[in-house]
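The data blocks that follow each hold one structure.
Look at the two complexes coming up: subunit A is in both, with subunit B in one and subunit C in the other.
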Partner chain A sequence: MKRLLFGLSLIVPLAAPAQDAKKEIEKYQQMLGEGSPAELWELEGEALWKKAQGPQNVSFEKCDLGLGAGKVAGAYARLPRYFKDTDQVQDLESRLLTCMTTLQGRSLKDATARLFGNADRPSEMEYLVAYVVGQSRGHKMAAPVSHAKERASYELGKKMFFYRAGNWDFSCASCHGEPDKRIRMQELPMLSQPAGAQKAYTTWPAYRVSNSQLKTMQWRLNDCYRQMRFPEPEFASEATIALTHYLAVTAKGAPYNGPGTKR
Partner chain B sequence: MAAGPMKMRATLGSGFTDVRVLMTHPMTTAQSNQPLHFIQSVTVKQNGKTVVEAQISQAVSRNPVFTFRLKGGAKGDKIEVSWLDNKGENASIETAVA
Partner chain C sequence: MRRLLFVGILVAPLALAEPTPREVQDIHLRDFHAKGVVKKEAVAQDAVQRICTVTNDRPGAEIAKQLEADQMKTIAFPASGLMGDWKRGEDIAQSGRGMTFTDAPGTPNGGSCYNCHQLAAKEISYGTLGPSLQGFGKKRGSGEETQQYVYGKIYNAKAYNACSQMPRLGWSGTLTEQQIKDLVAYLLDPASPVNQ
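And then the complex of A and B:
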């Protein structure tokens, strides 16, 4: 990867207009995407999905992600959604926790012991997420907003997106509410509009080359809040699910293309 | 630690075969505080015959991806890629050219 980056810096003259640099970065991202270690996470995740675990000694193969027990294909493209059994709107990570605690009979403490891993030791959650989202590749994003709780979740997420607070008085919209913004060479998609949300949401979760690791959507939001200097949001809380829901609904109609690969 | 998964794809072009292989490996460098652990050699075999013997080092990233083009080839050819690291651990994967 270092070699690729070096090559890139030779191609881009220092004074090149931002457009040219952007093109080169897109080329680099395409090269990354063609051979992404995210696929290795999908393989590990599939093995974990089928592995019997917990006091009940069962696998996730009967886990209901919204399309019925054990139906994985296309399930992620229709999340977050309302689940009758838990009477709440859930995203993928929260639903996986439900399957761990009900289906597999594990304690919440055990299920949430290691939600974010690191390069040396990725977490079970990251592997499982990689596998499940990979099974939605090509499926059009279609997170529902028909149930009253789904509408409430979407509205809460939207409100949160524009809600300014924290030490720096930031909101998600401070960085992601206007077109053509960037931090150094990192483009900031305008997530309140379909085009930006579609581009971003369909390529997350993603393998981050700089971390050598697959990162989940819950991690992405958690780190955004850290960067905004907010208090740390709770994993799979109503708030993080609502924000995910808002983004997923805004990204409606675009074919899912993850897990992605990021710098 | 047991070696993680590998993944390989071999596709036939006109007069060549494109191979892409993903490996799971920490590729720990001298800069980290952990013991050195990196892949030292990668071997590629086509129908049992060695066609590439590569020596790589710590300069290669964690979870490396290799893409290369072999001359010739035919559908169904067996491509085998294996690696050996400095601790003597190894892993291999085999696939048929599609």
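And then the complex of A and C:
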């Protein structure tokens, strides 16, 4: 943690010209990449995955993430996908909620009580997500679009990406539709093209230094919409899953390299 | 307006699984909820947002002209004295606060100008989504016409470019008349750091 704080101090002196500042930020990001606190979330998530919970008193070890009951390795790289039992396209967070309510027999109210945590008290969802995505490291992104509902989900996500609304008239493309743009000093990936989507999607979910916490993809979309001045998206709704699906498919072929570490 | 939308749909490439613009809006209205200062209805599209979305921000010249004329009518130009205080303008340009679903109601909004534009040379933390405005007043002068243009552009950018990515900061209620005047001064006043 001390090392992280030191990293932060590197970007404070902004009197230097822009080029120097950019180099300092790159150095800082490289430091963050080495030995990420995300590993702690993965370990905690693994323990939670194996812990018996709920009225059924069972663990997640029989949870089907798309590759069969209990198969975690490589599962995240193939999400979102269509699930026959729910007759829906689901992302990781949505599927974890399904396992909590069906497998463990917990109420939806209990399962969704704390979807986003904070530094003092992270959420179960964040721990579980860290563990599951870590089990896809090195697996190539391959979210399927063969089922009719997968095709529809991808197409809806694409439309959502370019949908302009809200008090400030933004769409996702307002910030992520052109190459080499930034907000303040923050570089913005062009998410409608494979190169940008691959770089961003394979490093989310991520430990975020500014929040001292691991953040999920559902949180990432929630915070984007917040900054776009939209109302709040429903967690694990068809809309958020479709947008995730569009990004995942655009990122296909790149090896997953998360959970990442962000500013 | 309905006729314009209809034309937009006809020229869009047809794919079997592709939802219609109406379906996309309905899904947004179903899957987003009001929170804090943001109403749920904000996720529904007005004419500008709808036409810019279906035409990928490239409406035909005729449609663009009509939209811009309609948006121009929304601008409430103050009777006189468009130049405010550039020092207050600088704070407004720096601040990115306001209008999100986590902002406390009643706190003053910022203009978020530096998020997208370069302005004063001494501020190196600027975004590049919009054009650089460094030395704007030095190049354009600070005459009455320029003041009118800058005020109008900040109040409703769509009156000048129908599908501009810039928010309609006055029209949306983000900035007050006085705040926009202060930004006009920040951009045009010869003493402003933007023009140093």
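Criterion: the second predicted complex is superposed on the first by the 239 of 263 C-alpha atoms of A that agree within 3 Å, B and C clash if a C-alpha of one lies under 4 Å from a C-alpha of the other, contacts with A are read in each partner's own complex, and residues count from 1 in each chain.
The rule is simple: a contact is a pair of C-beta atoms (placed from the backbone, for glycine too) under 8 Å apart; a residue touches a chain by one contact, two chains touch by 3 or more.
Because the structure is predicted, anything quoted here is derived from the model rather than measured.
Clash-free side-by-side placement of subunit B and subunit C is the outcome of superposition onto subunit A. More residues of subunit A are touched by C (comparison of subunit B with subunit C). By the touch criterion stated above, A:C175 is placed in contact with subunit C alone, subunit B being left untouched. In the overlay built on the shared chain, the residue A:V209 is in contact with subunit B alone; subunit C does not reach it.
For the three-chain arrangement built by superposition, the Cα-centre angle with subunit A at its corner and subunit B and subunit C at its ends equals 120°, in steps of 10. When the two complexes are overlaid on their common chain A, residue A:D120 makes contact with subunit B while staying clear of subunit C.
Look at A:E234: by the touch rule set out above, it reaches subunit C but stays clear of subunit B. In the superposition on chain A, A:Y163 makes contact with subunit C only, while subunit B stays out of contact range.
In the overlay built on the shared chain, the residue A:P37 is in contact with subunit B alone; subunit C does not reach it.
For the pair subunit B and subunit C, the model built by superposing on chain A gives 21 Å as the shortest CA-CA distance.
Of the residues of subunit A, not a single one touches subunit B in one of the two structures and subunit C in the other. Those residues of subunit C that touch subunit A in the shared complex are 15-19, 21, 24-25, 27-28, 30-35, 38-40, 42-45, 48-49, 52-53, 56, 99-102, 114-116, 124-129, 158, 165, 167-168, 172-174. Within the complex formed with subunit A, the residues of subunit B that make contact are 4-7, 20, 22-24, 26, 34, 59, 61-63, 65, 67.
The part of subunit A that touches subunit B in the complex is made up of residues 1-3, 34-37, 39-40, 43-44, 47, 119-120, 209, 212. Contact residues on subunit A toward subunit C in their complex (touch as defined above): 14, 17-18, 21, 148, 151-152, 154-156, 159-160, 162-171, 174-175, 178, 180-185, 188, 225-227, 229-234, 237-240, 242.
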